[in-house]
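One structure is given below, encoded as structure tokens.
Note that the chains take the letters A, B, C, D, E, F, G and H in the order they are written out, and that residue 1 is the start of every chain.
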């Protein structure tokens, strides 16, 4: 059997992109994404990857160059974070609505101001309407596996959508940890060639990106929405197939010790592992707490969330982003919305924490869970609470 | 008494900006916002408004120039829509988190692709996390009144936040309709001078826009969030004061014939008036239906929504935007989330419609309400339905 | 191909190509811009020197060579700008009002 | 002013100025960049011609004029780059290792 | 004109205004671009009038995504085609790539993407169709709007003479990028225009072609004067036709005697408000710039 | 140097790397900018090292918002100050406005905002501190990175000699905007630098100053060589010091004999991999460009 | 003149550049100045110079207007350009008993067979405009016919809006409007 | 050599540019190559050349590591630059019975009074590095000390990671590491 190797996750991403033989990488540097693209630049410079590395002049152009590359059928990769993801915001909508499969690794980072290079989910949440498939990961291996899956999912003729793989800035991107890279033979089996059905081609001229008057715009949007929702089936299929070949399985919502839990915590990204430590400890103390790890954020897994959460009494949701002046954490809000129709449903208590790189320790998670239980009983003056801020 | 005058709403906005004696207008043209800035350009060219009109080279720079102007204490106005709002997405966060009061009229427009110049709320919803105050309007008079209020709210020393006034593209922006402009004497009474407390000034050098390490970023974000939520009180105060002077009152959630309504429809923007026609008709037929018009979108009026909605059996929410692959309509999702903690709560049925300028007639609204009631009874296969699409 | 043959007000959401791609090249040639016209070119080919300038300069690219080698507007498209008339070096073309019916 | 006197790990969210504005000009001068230093300039002023070049070229702007009109690094800030030593035309300055303790 | 290309790749049925010079320029350019092309189009008049779902005027592969990113999309296409060809994937033949945009999409909102693409040396031809304002949105000033012109955002008024700034010199900016080919053209000189398009395509690396395109709507002129006004722009020296090949300038149509600028201005409503003084000022500036240009030919 | 300005507006305690040439350049520029200034700073090394909450190195009013919009923010400030002064609101005196950014923030991601601000004629001074790569994020190539230099995104390797493109000529691009003042400077020549800053401030309208700033980290050189390497850049003709006033070029330090470029390159690890062939190629290009520049002085 | 009451909906047919929107605007302004509720708006879209376009007005004497959808079943249709008649279906949705107002040299009776169920008003607005304004732009002229045929607003209510809009060209536009008012020919519905 | 078991947490002290992260990385890679669970990471931030920086490693022989927070209570502290001792609190949070590894000319006993509760290991890594590598960069050298003092990984497990990282400079780094291993002086905790 192949052994895990110690490797920086960012480097490992580059290795996956090399193994899938990507054609075009267009990217603009931004902390903490840099190591990914730097490694790719090196692979190209050394002739280990035969790809065009386009060092664009901004993230807006990074995504735009990806649009162009994908439109001629190239296998296309980029990476960004934070301000970079924001600067390409407009372009993201276009990638999805024009149905161009592009894979992007997002090393989640907080948004300005104040300027922060550190991790939170503000950038990921800011793009939640853009029609991309969004997958969250919890450790280096998950990143690697899901970057590989992202190509298969996005390029699937039933899908043809761009995919973001989210990894927390620094806490995942800059970690050296044990990683098993996919073998070329496995990749060959797992990932078919990218065959965009209607590429730009002088021998069969198509027009892409028309102007849509009111009489037809709604139809286009419905088609897009239905297609994205339907992609969930392909994601599940992909993860099943992945499990078959790579012996590791993924699910939209991962349940950790949630069987008979009265209290559930829901989190996303690298904090999930820390939260497990807290859950283990509390379980050890005889407390019936469990953890839900939301991995597939778009398309949102309504059924899975309902199934996982409905039996609990209290569901505590930790967001790493604020929708300012709005519902607080976007994840909490959407989870509430999803559970709304249920007759029997948990109390849902929202927390925001881990902003701009602030860590939450296992003790912190215990405190969140305890405070959540308290709020569920006694209520709170706030719609949600921000954890760990100096008062 | 002053008489209402027939005027294009866009022109009327320009007239308000003239009456508040704005200092700086930085804008980039985009349909359907153009008439606003064209009128302002003319006012400046004719010497009727002593302001700097900065014809920037993109919306990103429009908002950036506004940042600069606001940072030296100028009264600052801009307008945009759709793609323009998207291109300045990154900058919007900065305006709010740096607490720079800027007023922006947004002539709501659908987002690409396909390219659409017509109205829906995709652009407005795409900026719902950015920390701006967001007010929706239903007719030309409301636009005029709220642009005026926006200056007062945003510049209030307790607030110091940027404010968007949303008016539906074309359906409001391009309408010639009866409008009462504020009299100079009224403006003088209503709107104090803009006095930014810590402007850039060589005699008292400040540093704006620092870099925020993890140890302090969360504190900054909490301060921002608390401040934005607290702004609701100032909005209410402003609208009260407005009512005193201008004899027209505004509320975060306007209830129309909702007293004893078993079924409520919730909408935003210009469709509200059309929906009233449908409600009137159904009331005429003895049906206990009513309408909630959500006007203050950020900060979100939790209490008001709960109060207005909780007694109903069915609440139908019409969104003019899709959070693709997510909860469907963002408004519906947030309303569900807000009502979630209530013990007695209505069934909430989500519709999306009126995308990219597609009209909904009074009959359409009747159909939506009827279909909503049906879904409340029998359920639907979909998480939400898109109204009026050719199947 | 057949899809695009349906008009914008008939196409259902299921019938749109992926991402709204249009697969029939130049399908806009179905659209009759001749309806926009208020004036129409009329010809006195006796003076025509077949220089083709009218054809070159027509923004709508709707001037075709006739069997006799003259150049004549396709009124399905001609918008009546008058460029051909103005640029014709031998005043072959005059613009005439379209008239009412 | 008093606010900024608190360090980043003490300030509460209520104590931050609006928008995180910093109101004390040059407050970073509290930060001891001298800790970064591995080498330190040492002087033999007997050769000094008071050309001031070391002061001009110091990236950290930490060279002050002494009472006697010589120029000497403020070790609270000096990072030990060695520019002053290299640029000094009369080799007044030599860089010496900071040593262990 | 034996070399006239019959094929129309920009099909009639497009919705450009009556007498649109930009549509004519595109139509002529397309003939020279030929069939072996992929066109990337910025948002603007030409995009709107040619691609209303479910129709298209384009008979060659064409893509529009946004207003400001045309050159970047073209970069991606060019780079992808090249690398895929090397790998034996995708198109077997070498395909040309052209990016087209208005003056707003070029000199303002799309400038950065263009500059980046030129700097990186992508092998593509960029065509700026300069109608001297944002026309698609209703005649707002761009940085390419000439001094004194009335537009809706540079209106003439008591405190304004119309556009306050001198036309941004995009060809000079492109030339400052030291790309192998920069040129100007105008559809009033169709042969010259098509020759330059063909040349730009053949050049390895980035080529930039700046095409003055009369817009009867924005310029407030009669629809039949499109060609004439373009010709006057050239003959008055307002818009000289020239090429810059690897830094070397050459004038394609040297005019021993420039016509007075007033002849050009007076046909256009956008200049109607200009006083004789201002016209004189413009005349002088045009002469100066023309002289500088001729100096560069020499230099 | 009697004119040396004692005041330090860029306070010590900033966190720039040991031996940072950019920090030195900023420090010197600030002396010439003086107290009556508002500074707008792009994201980048200088912003990060000087403004970590709750501290600041700035003793003059300073604002940072984003990476790419510096010139636009400056536009807003300049326009606002002017109109407010006219209305008797805001600051009574005329205040200077300076925008500062790295080469990435200038020649790449911030180019468009800069071009727009120059075109609109705002009265401000733009300072590009060119350390020839994105240093704040860890030495990625920018369009201002010189040919052959190794950076993390233009790594030297079996299929790459490092940076593949020639350094973008930002001063030439600025000059193509026909602004009244464009100049180059280097902190190794502090008097010249400060004089140009002062001049740029005094000019009405946009002024652009391009300042080569050695970065020992990115250039892989000893921290004490910052000044020397900057001097060599000038003496070898790699980075000539010149001014362009209303289109007229003048050389500030004419060198009868350029030093060999190799002297400059060999002190820097980023060029270590270059073969003699390539160095010769660079030498040739430097000479050519220098000759062209001198031609412009003449012309 | 026909009796119209309640909410009156009017549709204009013109071509891009012919000023249909302006005439809709002027009418709405006049109605509003009379204390009525009214609004006006163009067909929204990027229609280019020359292309057939629409504009709409709604007027209600009693209550605020709450519908902003395009008018699909107008009470009144105004056609600025006679050449449009053969191109677009100008009577689409026109209510029975509604009014059809056409710029044409023809008499109402000659306009077309089949238009029997509507009131028809005609005038040769092009000639009037050319004579009075010197250009064949008929948008203001045609308002005169509309006022004559429907009495929706007083003719003089239009003077102020026209003056604001046209400045020194206003008086000639008013004259054209008046002449059209005088020269209008009307055929009552069958 | 001290017995460490369970989850071992290690903190590196260095300066920006001295390669603390690299040594953390090499150690983690070595541990992983031995089939252990391990990870390594830098203190995250924009620390500039010269500024004091941290790097961290966690190693566990038995189970996956789930914590990604910075190490605040290390079992082992490694100090690459002796001049840091007077500047930063290198023993902050160091567990009782933990190991302090310092690059210094001094013997463990001389290092400081008050370090009694920890095992102390020292070596003159700067001299070794200068002799063997020709530069005073001690990050690889110091790993030798760490291995000697803690036995967390086998010395030879480091060879492959070092070779991958340093290419033709690898052998000399290995030599330095070995020499440090040999020359390490150790003082057991009091």
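Quick note on the criterion: a contact is a pair of C-beta atoms (placed from the backbone, for glycine too) under 8 Å apart; a residue touches a chain by one contact, two chains touch by 3 or more.
Being a predicted model, the structure only gives us computed values, none of them experimental.
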Of F-H and A-D, whichever chain pair has more C-beta contact pairs: F-H
Most widely separated chain from chain H, with each centre as the mean of CA atoms: G
Chain E-chain H separation of Cα centroids, rounded to whole Å: 63
Between chain G and chain B, distance of the C-alpha-averaged centres to the nearest whole Å: 35
Where chain B and chain F are represented by their mean Cα positions, the distance between them in whole Å: 42
Separation of chain C from chain E, taking each centre as the mean of its C-alpha atoms, in whole Å: 24
Numbers and ranges of chain G residues touching at least 2 other chains: 45-46, 48, 50-51
Chain E: positions in contact with at least two other chains: 15-16, 18, 20, 47-48, 51-56, 58-60, 64-66, 68, 108-109, 111-112, 115-116, 119-120, 136, 143, 216, 223
Touching two or more other chains - residues of chain C: 8, 11-14, 16, 19-20, 22, 25, 33, 36-37, 79-80
Of all residues in chain F, those that touch chain H in their complex: 15-18, 20, 48-49, 136, 216-217, 223
List of chain E residues in touch with chain B within their complex: 43, 47-48, 53, 64-68, 108-109, 111, 134, 136-138, 140-141, 143, 152-160
Contacting residues of chain B [partner chain F, same complex]: 21, 23-24, 26, 50-52, 54-58, 60-62, 64-74, 76, 90-91, 94, 98, 193, 199-213, 216, 220
Complex contact set, residues of chain C against chain B: 10-14, 19-20
Touch list for chain B against partner chain A, complex: 83, 86-87, 89-90, 93-94, 96-98, 110-116, 118, 122, 125-126, 128-131, 133, 209-222, 224-225, 228-229, 231, 298-300, 302, 321-327, 330, 332-334, 336-341, 347-348, 353, 355-359, 383, 386, 388-390
